[in-house]
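The first chain written gets the first letter, and so on, giving A, B, C and D; residue counts start at 1 in each chain.
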Amino acid sequence: MSYSSDLYQQVILDHNRKPRNFFAMEDSTHHCEGYNPLCGDKITVYLKVGNGGVIEDISFNGSGCAISKSSASMMTAFLKGKTIDTAKSVFESFHAMVTDDPGFDQAKSNLGKLAIFEGVREYPSRIKCATLSWHTLISAIDDKKEAQTE
Amino acid sequence: MSYSSDLYQQVILDHNRKPRNFFAMEDSTHHCEGYNPLCGDKITVYLKVGNGGVIEDISFNGSGCAISKSSASMMTAFLKGKTIDTAKSVFESFHAMVTDDPGFDQAKSNLGKLAIFEGVREYPSRIKCATLSWHTLISAIDDKKEAQTE
Amino acid sequence: MKVDATIREIDIETVRKDFPVLSVKMGDNSIAYLDSGATAQKPLAVIERMKEFDSHQYATVHRGSYRLGEEATQIFESGRETIASFIGAKQGREIVYTSGATMSINLVAYGYGRKFIRRGDEIVISDMEHHANIVPWLKLCEETGAVLKVIPVTETGEFDESAFVKLLSARTKLVSITHVSNVLGTVNRVKELSALAHSAGAKVLVDGAQAAPHMKIDVSEIDSDFYVFSGHKMYGPTGVGVLYGKYDLLETMDPLLTGGDMIERVTFAGATYAPPPQRFEAGTPPITQVVGLCAAIDYLSAIGMETIEERERELLEYGSDLLRKIPQVRIIGTAPGKAAILSFVVDSVHPHDMVTILDGEGVAVRGGHHCAQPLMDRYNIPAATRASLAFYNTTEELDRLSAAIRKAVALFG
Amino acid sequence: MKVDATIREIDIETVRKDFPVLSVKMGDNSIAYLDSGATAQKPLAVIERMKEFDSHQYATVHRGSYRLGEEATQIFESGRETIASFIGAKQGREIVYTSGATMSINLVAYGYGRKFIRRGDEIVISDMEHHANIVPWLKLCEETGAVLKVIPVTETGEFDESAFVKLLSARTKLVSITHVSNVLGTVNRVKELSALAHSAGAKVLVDGAQAAPHMKIDVSEIDSDFYVFSGHKMYGPTGVGVLYGKYDLLETMDPLLTGGDMIERVTFAGATYAPPPQRFEAGTPPITQVVGLCAAIDYLSAIGMETIEERERELLEYGSDLLRKIPQVRIIGTAPGKAAILSFVVDSVHPHDMVTILDGEGVAVRGGHHCAQPLMDRYNIPAATRASLAFYNTTEELDRLSAAIRKAVALFG
C-alpha cells in the first residue's frame, strides 16, 4: 500500500466527488468565508440556527482540495440537526484528533464517521485542509466576517 | 625571528618614536586631512610648493599607528626639495610596492629608503596604514578637502 | 570538437553522487526531487567547502587584522570577483552580498526607490512576477504615491511586448521584471526589454533567481542596472544572495540596513556611510555562506553552464512529451525556449492532492500558488502543480512523475 | 552535590577538540583565539549538524508538502521552541528568525519605530552601544524628527543610572540598550532598567549580542519588549540571528522586508500580511543556519550556561591579574561582575600595532574602535585592543597574551 492511500480512502474520495450540502444558503442565520492562504482553498459555511441553538440547516460552497472539500461535506452531514454546543465540542475533538493532541482518546470521542480523518495527522501540511471548514464554522457561529487556519 | 619583526624594523620604530617634520605648518600652500575609518588614524599633510612645483617644505601631524606615522615621517623627509611630479611618481611606485603590483620592480624604482615598507605587503590590513599619508599628500596637491584610503 | 563535447557531457551517475540528498529514500524509492525551482540541492563540494572553512579558516571579516582574519577577509572579498565573472559584471565592487533575492529587491526598492521615486512616477512589473518582485513595489507605491503598471502575459506565458512598449513613458522610473518565470519557465528577452526601458529613461532590475542557476548570465550584455539572485537556488547555501548593481548607481543609493561595518564615522549627531558595496552590508555578513556560494559557482563552472542548459533542455523535452500524453493534464506555460519548469493542472485533482499522491510515490513536486498569486488569477486557477528540473534529474525520474500523475488521475477519476 | 559538579565541570582538553579552529597553527604555535567577541568559533556539533542537514534533510520550508519538505519545515519551526526555551521566552512564535542582530535591530527600528515614533518623541540609548544599536536610531530620528538621548557611562564603564532616570519622561518611546558591552564587558542591570523604562511608558529593546553566548538569559524575567542576538557569536553559523518580541507587540508591527512567505493575499491592488513571526520573514529564510544555531544551543545547554559563566569568570580574573601587572597597560572597563572582555590601551603602542605584534606571537585579538566610536570618544582614545574570551580559552593562552603585550611594550619602548 502506498504512503498516501490511507489518506485518500473511498469515503473521502466520494465526498470530494459528490459533496453533500454543497450550495449557498439564501436564508442562513450565520455564514462565514474561510481561506487557507497556503494553498488558496476558499470555503464559505452557511448555517440556519433555530430555537435552542439547533442547527436546522447547514451547507457550504467554494473550492479546495479533496481533503478540505470532503471534510466540509462530512462536517455538514454530521452536524445537521445537532446543537451549536455539540458542534463546538465536536470541533474540539476533531482538532485534537488531527493535531495528534496527547489528550485525545478516539474511543471516547464523539466523532463517529469523522474519525476517518485521523490519518491526516501524518501529513502536517494537510491538517489545515481538514480543519478549514471547522474553523470557518466556528467563526460563522461567532459572527466573525472571515476565518483563517491558524 | 617572529612573524612581525620584518615589519617593525628599527628605522620604522625610530620614525614612529621621533617623527620628522611633525608639526602643523602655518604658511602651507596646500594641506589635507586624511582618515582611515578602519583604525581611526587621522593625519594632516601640509605642503609649501614654490616655483617650478618644488616642494619647499612639507610636514604632517595627527595620530596613528606606527606604520602610518613612520610612513608619513619618511615620506616628508624623502620629498622635501623634490618636485610635485616626482612626488606623484614616487607615490605610484610606493603604491605598487606595498600592493605587490606584478609590474613593480624594486631595483628600477625610485624609492630609496622608502623600500623598507616592502614588508607591509605581507599584512593586507596594514597597507592602508602605510599609504594613508601618501593618499593624503596626493589629495593635498589636488586641493581636495579630505582624503581617504581606498 | 568531439573531445571537448565528451569532456563536457554530463556523466549523470557521477553527478548524482555529488548530491547526497538525491539518494534519500522515500518509501522504497530514492526521492525523485523535482522541486529545484523552490530550492536546489547542494553538491558535496559546497557542503564540504563550508565545513572546511568553518573548521580551519573561520574568523570575522574586515575587522580582524590577525592572519586568520585577514585570510578570511581575503577569501570573502575575492568572492565578489568570482561572482562578478560568473555573471559578466565588470567589477567585484558591483557585487553586494545580501541574505537572498528577496532582500536584494527590497534593498533596491528602499535604497533606490524611496530615494528617487515620487508621487506620479511609474514602476513597471509584470503579470508573471514572484511575490518578491511585487510586494516591495506595492509597498513603495503605497508610501510614495507612485503607480504600479503591469505588463500583461499572453496565453502561452510570454510578455506582451507591444503592450510593454505602450506602458513606457517619461513617467516610468523603474522596470522590474523576472528573467525566468518560476511558474511558466518563460525566458524573457531581458536584453531587449532593458534597452526599451532605458530608451524611455527608466532603470531596470532583472530578477534572476530562476535564471542564474540554469543558464549563462551576462549582465553586461543584458545591460540591466540591477540583477538579483539567491544562493540556495543555485546549489549554494541558504542565507546568502546577491545584488549586482552598476557602480555609479549604487553610489547614489541609501542603505536599507544600518549598523556596524557600513559606516565611516559615527557620532550621536549623525553617521556617514561607507562607499558601496560595504554601505549595503551592515553587520556581520553571511561569511561562510559566501564561501559556499563561491564553491557552488566553481562547481557549476566546472560542468559548464552551456552543458547544464543543454541537459535541462533535453530533460524538459522528455518531460513535456510525457505530460502531453496524459489527456487530463493542462500545461501552464508553453513559451518557446522555456526553461525546465513544468507547471500543470488537472481538473479533477487539486494540486494539493496531486502533491500528496506524488509524494506517496516518492516524487517531490510543489503545489500551490508558487508565490505568484496574480499569475494564478491571470490563468484563472487557484493553484498549480510544478515540477522544476535541474541537470541532476533523470528521464527515469520523469517516468516516475508521469506514472504518478496517471495514478492520481485514476484515483480521482 | 559533588557528583553533579564533576559532571558539569568543563574538561577543557575535550572541549577544545570540539572546536577545530583552535588547533590551527600560527607559526609554531596553535592560534590563541581571543576574538570570540567578534565572532565565536564553531564546535563540530554545529558544523556536522549543518552538513548532515544539507546532505540528508534539506528542502525548502513552508511550501513543500512532500515529506522531505514537511520534515525540513518541522525541524525549522521547532527551532523556535528550542530558542524560546533557551532565552526564557514563553512561546516559539515570539522568535523571529533574522540574518543577525543588526538586522533584528533594524527590523524594530523600521517595523516599530517608523510606525509608532513621531516628531518630538524620544529614544534613549547609551554611550556604550555598538554601532548596530546606534545608527538605526540615528536614521529613525532623522526621518521622523524624534530625538536621541544618551545614557552617560561612568569611568568604570557603568550606566549612570540616576542620569538614566532623569532622561525618562512621557516623551520616551523606546529605550534600546546593550545587555553586555562589547568593549567594556559591563553587564548592565537590564531587568531594573527595563522596569524603570516601562514605568515611564517606554518600550525596551535589549541588545543581547554579547550576552546570549555567555550567560543564562531569561527574557521573561528581564521583561524587555525585544531581545536580539546573532548566531555566529554564540558558536552557531553566520547568516542567522534572532529577534525576540512580545507577541502582542509583534502583531502591531510592520514588516521590514516584503515578498514571498510573509503575505496572505497579493493582488496588484495590495497585499495583506501574515501574522508574526512569518510577517517578518520574507523570502527563503536561513534554513540550514537555523538548524546550526539550534545545534549550538544544544551544545551550550549540554555544558550548561552556569558552567560556562563560571569558567569565563575564572579566565577573566586570571587575565585581568596578568594585565594589571603590566604597568603600561590601562584596562578600559572595570565594572564589577563584568563579562570576559579585556579591552586595554598602552600609550606607546597603537592598538593596530599591538594587534600585529600579538598576531606575530599567534595571539589573535582585535584592535580598533570595535564599532563603538562614541565610546572611544567617551574615553578619549582613538582605538583600543580587545581580548574577548570564551569558555574554550585557557590560562596558557592568557599567559601568551601577557607575554606578547610585554614584548610589544619593550619593542616600542
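Quick notes on this structure:
We take it that contacts are C-beta pairs under 8 Å (C-beta built on N, C-alpha and C of every residue); 3 or more make two chains touch, one makes a residue touch a chain.
From a predicted model like this one, the values you see are computed outputs, not experimental measurements.
Traced through touching neighbours, the fewest hops from chain A to chain C number 1. Over half of the residue-numbered contact pairs of A-C are shared by just one pair in B-C, A-D or B-D, which is B-D. Put simply, the C-alpha centre of chain C and that of chain D have 31 angstrom between them.
In whole angstrom, the spacing between the mean C-alpha positions of chain A and chain B is 79. Chain D has its Cα centroid 46 Å from the Cα centroid of chain A. Chain B and chain D have centres, each the mean of its CA atoms, that are 38 Å apart. Residue numbers of chain A whose C-beta contacts span two or more other chains: 3, 38, 123, 126. Shown for chain D are the residues in touch with two or more other chains, namely 26, 65, 67, 69, 263, 265, 352, 356, 359, 367-368, 373. Chain contacts here follow an irregular pattern that is not a line, a ring, a star or a complete set. Chain pairs that touch one another: A-C, A-D, B-C, B-D, C-D. Those residues of chain B that touch chain D in the shared complex are 2-5, 7-8, 13, 16-17, 38-42, 63-67, 123, 126, 129. Those residues of chain C whose C-beta lies close enough to touch chain A in the complex are 26-27, 349-353, 356-357, 359-361, 367-369, 373, 376, 382-383, 411-413. Listed in rising order, the residues of chain D touching chain A in the complex are 62, 65, 67, 69-70, 73-74, 263-265, 274. Interface residues of chain A, counted against chain D in their complex, comprise 3, 35, 37-38, 123-126, 148. For chain D in complex with chain C, the touching residues are 20-21, 24, 26, 31, 33, 35, 38-39, 41-42, 44, 46-48, 50-51, 54-60, 63-69, 99-103, 105-106, 130-136, 138-139, 142, 148, 150, 230, 232, 237-240, 256-263, 265-268, 270-271, 282-289, 352, 355-356, 358-359, 363-368, 371, 373-374, 377.
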